[in-house]
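Look for chain A in each of the two complexes below; its partner is chain B in the first and chain C in the second.
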Partner chain A sequence: MKTSISFSLLLLLLGAATLLNIGLGSVWIPPQEVFQSLFHGPLIDQSHEYILWSYRAPKTATAMAVGGGLALCGLLMQSLFRNPLSGPYVLGLSSGASLGVSLLILGSSIGLPGWALIENTGIGRIAAAALGAVGVLALVVATASRVKDTMALLLVGLMIGSITSAVVSIFTYLSDEQSLKQYAIWTMGQLGGIQGPWLYGLWILVVLGVLLSIPLAKSMNAVLLGESTALSLGIDLKTYQWMVIAITGALTGGITALVGPIAFVGLAVPHLCRIGLQTSDHRLLIPAVLIGGAIMMLLCDTVAQWPGSASRLPINAVTSLVGAPILIWLIWRRKKAFV
Partner chain B sequence: MELNNLQIGYCQEKGTNYLSGPINMRFQPGQLIGIVGVNGVGKSTLLRTLSGIQPPLAGELTINGAQVTRWNAKKWAHQVALVTAKHETPPVMTVWEIASMGRYPHLNWWGTMTKTDQQIVRQVLEDLGLSPWADQAAEQRSDGQKQLIHLARAIIQETPHLLLDEPTTHLDVHHSFQLWKWLKSIAVEQNKTIVLTTHDIEKALDLCDQILVMQPEKSSWGTPEELIERGVFNQLFDPNLVSFNQQTRQFKMP
Partner chain C sequence: MGAIVLFLANMKTFTRHGCYFIHFILVVFCTSSLYGQTYAKGFRWGSTPEGYKTLAVRSSIQPEKWTSYVLIPRAQHQKIIRAKSTYKQVISLPVASLVLTSTTQIPALEALGELNKVRGFTGLPYISSQSARKAIEKGSIKEVGASGSLDIETVLELAPELILGYTMDQTPGFVAVLSKAQIPTILFQDWQEQNPLGRTEWIKVMGVLLDKETEANTYFNQVVDNYERVKKIAQRAKTRPTVVSGAVYQDVWYVPGGKSWMATLFSDAQADYLFNDSDQTGSLALSVETVIEKANQAAFWIAPAQHTSWREMKSDQPAYTAIKAFTQKKVVTYALNKGPTGGVLYFEQAALRPDWVLSDLVYFLHPGIMTGYTPHFFNYTTP
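Take a look at the complex of A and B:
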């Protein structure tokens, strides 16, 4: 009963955030126009019709997939590392993806041997980002198996971030203006501009990730009691661990390649859902973080697209401004659980 | 469950680290089995090996006459339930939620509980006196109750073997005695083999049907009377510090 109320509330919020996100921008498109265009054919105001379907709707759809996907990654990683501070951004996965993309975008401009062969296309960018993310994840998993320490893991993530920024700054120094600008824009995060096949691709990736995660819910619950107990409850730990690594690597890599590194959504949303729903049952948390992630991303994007203004703030700055204080608040709130 | 020359320990980069000597023993249903020995001798490792979490280094382990080497986690989970010494009680999970995880090996991929499953959980919580807190956060219960919650989880798993790593640590005398009593009656009434590690040797001598005394060189196995007769406990600790009185079955400072 309590759960169905919470989920109804979440869905209601998602609907509101979606309408707000579609509606607000340089021009206001009211919800009734959105519904009219959706169910009764094109609007009389052709400019609104154009803005709605060629710009706003794809951006909203991108924000939903990105938010849900990253929040799911956070939930999976917090379960895998049994560490509440895990997330694709803090553990350096996004940095790894950035490193891959920076190698691709900036590498060709400084004339690394053989680089001209790899085209700086969308597919190439996704591959580079996914490789970077999985590479970092492998490093973090190796660290986690050696040191059983919450802080050590985070330090590794931090160091990976430092290495990335060092490599990137060397590239920045050497590369030409055009690729530099291309890279700088990518790092700020860009939800707009993902259209057609890329948008479908993003949604297919996220939906696949969700479908593969659902059967892991039982294992994720059992792991809460410790790995030995999970094993003694008949959980196939190896399969579970490899699935989590594959899903988070692919999702973080794919999402980061398309929209740039997005901070803190993956870390904050699972915590907010746990607190909001008062549960650690992953059969409820998986759908909750998907909806919650989408809501957070839509709201952040709405703030970034400052209502009435033509210019937009970088989305990554907004998620950091919203997400980082949430993290600080979480640490304050339950300091015990983070030691 | 039968152990033939079983050797336990860890494979490390520097070589194999054997804990204790080869172990031979055989458990019968309905028995309470104690495992005692000094710290670091490998009591917990033995329990991990007997529950299939860690492979043995050498020797043979059979359950109901079947070789266990190729068993998967699910098959193990139907035979052996384990309560580790450091069990975790995650925040916001209720007593009911933790206990009902014991049904996991019997449930489908999504973990759907049938009426029968729920009845089993309800009954065990009732038996262990945990029903009043079923819907409350397990984290807020006392150490003794947390121990009981995890014991409930293991009983709910309905396996012929129940392995408990130091179940009476952190418990006061009252709760410790109560737990011993429960374990004894569960073993007899439900015809389970209950194996537990403990530092409370005197209690183990009183209540266990068989005891394994683990020592680095050679482990001894037998009924309390046989072991006392053979003088195993007199040599277990440094005689300058601890002496064992065979008549009173108690340890004293000499």
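Take a look at the complex of A and C:
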């Protein structure tokens, strides 16, 4: 009963955040026009119609998929590492994806052999980002199997972040202005302008990730009780681990390639959901983080587009400003943290 | 030097959107010579099999890719409708309303008397042109991205007939959104031209788009004539003074490459540019030591990036005193000449008026040769 109330509330919030995201932007469109266009039919003002349907609606759909996908990654990783501070950004997956993309964008400009052959757009970029993310994740998993200390894992993530930024800064020093600019723009994150096949592709990726994660919920619950308990419950730990690695690598890689590195959504949302729902049952948490991630991304994007102003804040900066304080707060109340 | 400042200016105009998909329309049926194009390498004219005129623009990221636009006079409705069913980017001529993204586009429009067609611009304070500033005050030119990046919603609301893009090569996603709304974008790559007159030649593109072809050609030919005239004057000089350029930014000295826009101007001004031997068309990133070793005897230092004051340069980088031109205060900068809202005039006008840049250089490098001339952009740095 309590759960259904919580979920109704979440869905209500999602609806509100969606309306807010579509309704607000740098151009003021009166709410009655927004409602008319959404529920009745095309507006007389064609430019408003374009803004709503060609720009804002795809951006809203992108934000939902990105938020849900990253939050799901965070949940999967927190369960895999049994570490409340895990998330695609904190553990260096986003950095790995960035490294892949920087190799692609900047590498060809400084004449690294081979990179010039790969098309520097679309599929090539997604592949580079996914490879980078999976590579880092494999490294983190290898560390996790050697070192049981969870803090060590975070340190490894931090170090990977440092290595990435070092490599990237060497590249930026060597490469030409054009590539540099292209890369810098990518790192700021972009939700708008993702259209057509790319938007469908993003949704298919996230939906596939969700479908593959649902059967893992039971394993995730069991692993919470410790590896030996999970084993005694008949959980195939190897398969479970590899599934999580594959899903999070593909999701983080794909999402990061398309919209740039997005910080802290993956980390913060699962915690907020655990606290909100007062549960650590992953059968409930999976749908909850999907909705919660979408809500957080939609709200952050609404703030980023700064209603009524022609300037935009980088989306990555906004999610950090919202997400990082949540991380600090979590560390403070860590004794009480779930997981 | 132009290159490093361009780089800094670009940092300011970073849009915050990645780029994932590029919609290039095939083609280029090249008949550029028909239009007497000689210097610019970034655009070319042609025609479709049906006989429509086309403009093709080179991508700055992938130089082998060209985007092409079909240009049809507004009066020929039927042709426009037919062309739109076959081609993605159809532009009706003359274009009645524009959104601009780079200050270099302003003086060209002003020269053609078409500033009244401008509806929006990214980063209004950068504009120095008096008539453009009046239009801004009147509210007829609107801000479409205060931070220098194009705000898509504002543009969609203004609904211009055409956008002359600049940094949008990086955000093809946006180009796609705009073209869906029937607003084509031409990526205006004048700044990519390495030949000084090549940048000026882009005025011909404006001329065709705005039905001011004759005026554009006349203007261009005048600039070419004047450039050649000054170049000849420079040849009378008895010396070829050595020149260093650029400045240190975070421990890296960015100097114009040997094949860059600026290097060509140095050479035409009869200067011995000390980094002429490099093949770079952009800027070179060198260590301070390398530059000092090579250029410590330089007679002139031209265009030290954003610097305007000798003393400020000295405190910024004491190593500058190793350069002879610096100790002898032969440092010439373009950054002192600013418009009413702080935009550097050189950035706005130099692309269209390389003849003025050349005249300025000759004036400073060979005193006495340019009699009765007042420099347009350059000054000695303040003490």
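A few notes on this one:
As a working rule, the second predicted complex is superposed on the first by the 324 of 339 C-alpha atoms of A that agree within 3 Å, B and C clash if a C-alpha of one lies under 4 Å from a C-alpha of the other, contacts with A are read in each partner's own complex, and residues count from 1 in each chain.
Simple rule for what comes next: a residue touches a chain if its C-beta (ideal position, glycine included) is under 8 Å from a C-beta of that chain, and two chains touch if they have at least 3 such contacts.
Given the structure is predicted, the values throughout are model-derived calculations rather than measurements.
Of the two partner chains placed by superposition, only chain C is touched by A:Lys181; chain B is not.
Within the superposed three-chain model, A:Ser54 lies in touch with chain C and out of touch with chain B [touch as defined at top].
Once the two complexes are overlaid on the shared chain, A:Ser169 sits clear of chain B and of chain C alike. Of the two partner chains placed by superposition, A:Thr3 touches none, neither chain B nor chain C.
Measured by the number of chain A residues touched, the leading partner among chain B and chain C is C. In the superposed pair of complexes, A:Ser232 makes contact with chain B only, with no contact to chain C.
Using the contact criterion defined above for the overlaid structures, shared-chain residue A:Gln190 touches chain C, although it does not reach chain B. In the superposed model, A:Val27 lies in contact with chain C only, and not with chain B.
When the two complexes are superposed on chain A, none of the residues of chain A touches both chain B and chain C. Those residues of chain A lying in contact with chain B across their complex are 215, 217-218, 221-222, 224-226, 228-229, 231-237, 274, 278-281, 283, 334, 337. Those residues of chain A that touch chain C in the complex are listed here as 25-27, 46-48, 50-51, 54-56, 58, 120-122, 125, 173-174, 176-179, 181-182, 184-186, 188-190, 192-196, 198, 257-260, 309-312, 314-315. Residues of chain B touching chain A in their complex: 48, 51-53, 72-78, 80-84, 86-88, 90-93, 97-98, 101-102, 104-105, 107, 109-111, 153, 157. In the complex of the two chains, the chain C residues touching chain A come out as 3, 6-7, 10-11, 14-22, 60-62, 143-147, 149, 151-154, 156-159, 167, 170-174, 176-177, 180-181, 252, 282-283, 285.
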